[in-house]
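Below: a set of structures, written as structure tokens.
In what follows, chain A forms one complex with chain B and a second complex with chain C.
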Partner chain A sequence: MLKVGYKILFYGAVVLLAAIVLMPFLWMLISSLKTQVDIVAWPPKFVFSPTFQNYYKVFGEQDFIRYFINSTVVAAFAVGVSLLLGLPAAYSIARFSQRRLALVILLARLMPGISFLMPWYIIFSRLGLMDTYVALVLSHVLITLPIVVWIMSSYFETIPIELEESAMVDGASRNYIFLRIILPLSGPGIITATTLAFIFSWNNFLFSQVLSMERTRTLPIAVFNFLSYADIDWGGVMAASVAIMAPALVLTMIFQRYVVSGLTMGAVKG
Partner chain B sequence: MTHNSYADSNIRWIYPLPAILFVALLMVFPVLYTTYISLTNWTLTSGNAPSFVGLENFGQVLIEPRFLQALWRTMVFTISAVAAEAVLGVAAALLLDRAFVGRNLVKLLLLLPLVATPVAVGIVFNLFYDPTIGLANYVLESLGLPASSWISDASTVLLSLVIVDVWQWTPMITLIVLAGLAALSDEPAEAARIDGASEWQIIRLITIPMVMPVIVTAVILRLIDALKTFDIIFAMTGGGPGYASETLNLIGYKYSFEYFRMGQAAVILVVLFLIVLACSVAITRLSKRRAA
Partner chain C sequence: MRTILKFGLTVALGLSLSGGALAQTKEIRVLLANHPYGDILKAEIPQFEKQSGIKVNVESLQESQLTTKLTTEFATNSSSVDVFMTRPLQDGKLFAKNKWYEPLAGYDFSDYPANTVSIVTYDGKPNIVPLVTEWQVLFYRKDLLAAAGIKVPTNFDELAAAAEKLNTGGVAGFASRGKGAAAVTQLSSYIYNFGGQYLDKGVAVFDSKEAVDGFRYYGKIVGSYGPRGVTSMSWENILPLFQAGRVAMWTDASVFYGQLTDPAKTSLGADKIGIANFPAGPKTNSPFYATSWGIAIASQSKKKDLAKTFLEWATSKELAAKAMGANITMARTSVWEDPAVVAKVDPGLVETRAFVAKNGYPTDRPFMSAVGEARDLIGEIVIESINTKGESPQIGDMAKDRVAKVNTLLRNTGEYGQ
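Entry: the complex of A and B
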């Protein structure tokens, strides 16, 4: 009897937890399917006839598609550059236990972005790089590079060094070992790093808010700009929010195992 | 393979070099530049070149009430949010640290807030908090409680923002502590159980102390990020009403990119930078001590 009561209590707590976590997502989705009349109704409507008009409206605007493409391009290039710079660095950190180097790169993850942003703003303005992909990608690499280095150096440490030693005995060069032996074994690590780096670039607001204007504006800025109208179109902004969150949420569901390990490994390993 | 011997023997600096150069150029140099600007009198809109004024900006900004209030508010926001996240996060981890139906699904759900776009999260909570149509007041009314003004009132705005931060980042602590718990050995708890210890005693006296290093690391990571909170505050209140939710990051942004008072803005950025740096040094010290 006690056991059953305990079980009910336990599952009750778990369901409550899940409900709190899910609530904002559900309300966002529900509101995105409502007409403006249903949204402003009091008390809030839980039963209503859903409509896709908000989505047609948001995606009907040429600009929104462009912002979507901008976000994708910036995140893809930021991740690509981070892998190019970060994979060799992470390998070296793992192989030669370069802890101090790891800390310097980790500092980029810890420091407040705004303390780099003001100088960037000044320098990029002088170089005529404002509102270009180059400026945005460079700034986003400072977010994605520490993620790649952090995850990949931990991953490389798990690859047995004997593999490299026997290859070296056979006369293989370091480059050959890294490119032909280590990297092909690093699929799961690279998936983790790529997924997380992409998501964090995708979600970034501050850098794009300052460094991009009409041409290279990314999605978070576009969604935020919905709020600037005096009469907020809640249905539209909720549909836009669903659209901006969907890629990150879907990636997370597909790569759940990797995302968990990527987010938690640093803290547990110390 | 002799043609590769130079690269092979210097691989330990050739491989990391591009990344080091990148970080030096885009992080180290800008931070030094910001520090230099903090010592100059420079307003971007005036068109004048920066002129060196020594510590004058520090003297002005550090005693300005608006700055001091932002500094205090940053501390209050950070400490209350992270304290709540630590307590709730560890509690949730202890709850979920067992085999049950749907455990994987719950862990997936916990990931979702962490990857949700903060600006959009802020906007959804704006809809929750809306005084006339929001769900938050509907819940209060259903419980027979008086309605609140949430983010539109200076006395409740900070708490309302803390709630958003707690919603989004508590799962981070839960997931980290869950991973820490999974790495623990069961033996001490089993031994205590055989000796007749209650479940509460085991949690309080054995499990929590054993997982404490992981909790501390998670909390410091959160402290550093909470100090820098920008997106949700900027999106939800813009620092308002009045200056009531202005944190250091917000005020630094406004001085830089709304007023273009670069010299004074740089002072704020340097202060924020130093606070975060102090926390970062703490975390590296801690991880070093554990590695030793």
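Entry: the complex of A and C
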């Protein structure tokens, strides 16, 4: 009897917490299917005739497909560059205890992003890189690289050094060990780092705001297309937000298992 | 590793070359705001391109993004913007001080009200062409006032009495912005009507008895009869409340009238929505009549001739008349005098505009470069006043303290006493 009571309590708490966390998301989803009049209605309407006009506005009237492509290209390249540079860096930091180097990389992340904007703007505009993917990718690397380096360096530390030593005895070089032994063992860590870095880049507002223009506009900036002077199209904002969240959500759902184990693996080293 | 780096650099260079397409000779870059008039321009630009042979690269941004972007581009002296929409009261002083506007010699300003031109004139030369004006009005629910047997308030005493009577459980008797800095513009007309001001000849004066009376009155009616949580509300919050039928009266800018009477946005029915002149205060009735948007040429532009051609077209009488049909309240005088144009505009807007065109005050905020900081400082007094329903004994002292701080801001930018 007592056991049943506990179970009820447990699942009750689960439902309550889930409701609190999911409420804003559900509200957004519901609002994205409402007309402007229904959105502001009081008391809130839970029974209404759903409309897809907001989604039509997002994908038909506004060019969200293009913003989608922009965001994907920028995030993918930023993560790619970060992995290319960050994985060897993280390995080196882990194996040779280059703590100071790790700190410098973190420092870039700790500095307020806005302090980079002016110098970047000057450099990119002089180089004629404004409104190109290059400027955006390079700026987003500042966000993604520290994530990759920090997650991966603590992950590499959990891999027993004996593995490398025995490979060395067999005559393997550092590069060979890194590429053939360490990387294949680091799948969960790399997936964690990639997912997190991708989401951070996907959601970045500040850098894209100044460095992108009409052609390279990314999704978080495009949401503001629905905010006009003294007029907010709530339905459009909600539909756009749903559309932006969806890929990040799917990505997280698929890789969630690895994300959690990857994070804890780095955190608790035996 | 080296090959990887080399590859990366080559890719980067390749992308940059393909991306940074060389500008054609007859091409300009225009930044517009997300604004109904910006939408009209955007729709008409293909026409302009055909007529003039000038290619227009247009980008439209939400207003705060627009300011951030323009500031970054101009401050780094590497902007490629030729023409841009701008908010004369919010950005004007700072931009003009930094000489980011190209003075508009030769533009014909005779069709614009003198007070709109005075606000965009620096060193004797107009810098911005005024596009859109707005003024403070009283929105009210005709049905609720009629049911309570109340006439539309014409002065502050009647306003307070009506708000008290209309304030019932589900419906707030009155609403106006309560969120600190955002409230400053809507508080301005209250202070003016009590005989006060924010600034007088470059000196902060909102600690005068008249201004403090304004703060107190605003705190009293908003605090006593406003919706719950009003101190965190700007128009974004009050507008949907009014649209949902939960507010009986609301003072804010005329720009919202179009949304209130649009059945796609407000389900109450246009016949229930009233618009009236802002109520008179003890001293005067001089609500703000502000130039909310203008358009200007960038001083850093390398194609000023083309930019000027575009500006002349974008501010033409024909486009202004077209915008009026969409209830955009344009600055040009002639469109308001043309019966054919006025016939298409909502009568409520025509009547209230006729009043402010004669009696209005040309700014709705402290008109200075550090306007954002000043609004934050004044906003603190607004919140204190609303929280105490205008009773706080500290309001006078707070006003003195904030006046000193705003004067410091003015001194820092060399605008004090100007």
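As a convention for this text, the second predicted complex is superposed on the first by the 234 of 270 C-alpha atoms of A that agree within 3 Å, B and C clash if a C-alpha of one lies under 4 Å from a C-alpha of the other, contacts with A are read in each partner's own complex, and residues count from 1 in each chain.
Assume a residue touches a chain if its C-beta (ideal position, glycine included) is under 8 Å from a C-beta of that chain, and two chains touch if they have at least 3 such contacts.
Since this is a predicted model, take the numbers as computed values, not measurements.
On the superposed chain A, the positions of chain B and chain C overlap enough to count as a clash.
In the superposed pair of complexes, A:35 makes contact with chain C only, with no contact to chain B. In the superposition on chain A, A:181 contacts neither chain B nor chain C. Within the superposed three-chain model, A:117 lies in touch with chain B and with chain C [touch as defined at top].
Of the two partner chains placed around the shared chain by superposition, chain C is the only one that A:130 touches, whereas chain B remains out of contact. Of the two partner chains, neither chain B nor chain C is touched by A:73. Of the two partner chains placed by superposition, only chain B is touched by A:103; chain C is not. In the superposed pair of complexes, A:224 makes contact with chain B and with chain C alike. Once the two complexes are laid over each other on the shared chain, residue contacts for A:252 go to chain B alone; chain C is not touched.
Within the superposed three-chain arrangement, the count of touched residues of chain A is higher for B, of the candidates chain B and chain C. When both complexes are overlaid on chain A, the residue A:238 reaches chain B alone and has no touch with chain C.
In the overlay built on chain A, none of the stretches 24-32, 150-158 or 168-176 of chain B clash with chain C except 150-158.
Overlap of the chain B and chain C contact sets on chain A: residues 39-42, 84, 88, 117-118, 121-122, 138, 209-210, 224, 227.
Across the interface of their complex, chain A is touched by residues 1, 4, 7-8, 11-16, 18-20, 22-23, 26-27, 29-31, 33-34, 37, 44, 92, 95-96, 100, 102, 104-121, 123-128, 132-135, 138, 167, 171-172, 175-176, 178-180, 183, 213-214, 217-218, 221, 224, 227-228, 230-231, 234-235, 249, 252-253, 256-257, 262, 265-266, 269-270, 272-273, 276-277, 279-280, 283-284, 286-287, 290-291 of chain B. Remark: chain C residues 1, 4, 8, 12, 15-16, 19-20, 33-36, 57-63, 65, 68-69, 72-73, 75-76, 78-80, 235-236, 240-241, 243-246, 253, 255-256, 259, 264-267, 292-293 touch chain A in the complex.
Listed in rising order, the residues of chain A touching chain C in the complex are 35-37, 39-42, 81, 84, 88, 117-118, 121-122, 125-134, 138, 209-210, 213-214, 221, 224-225, 227-232. In the complex of the two chains, the chain A residues touching chain B come out as 10-11, 13-14, 17-18, 20-22, 24-25, 27-28, 31, 39-44, 84-86, 88-89, 91-93, 95-96, 98, 101, 103-105, 107-108, 110-123, 138-139, 141-142, 145, 149, 171-175, 178, 199, 202-203, 205-206, 209-210, 219-220, 223-224, 226-227, 234, 237-238, 240-241, 244-245, 248-249, 251-253, 256, 259-260, 263-265, 267-268, 270.
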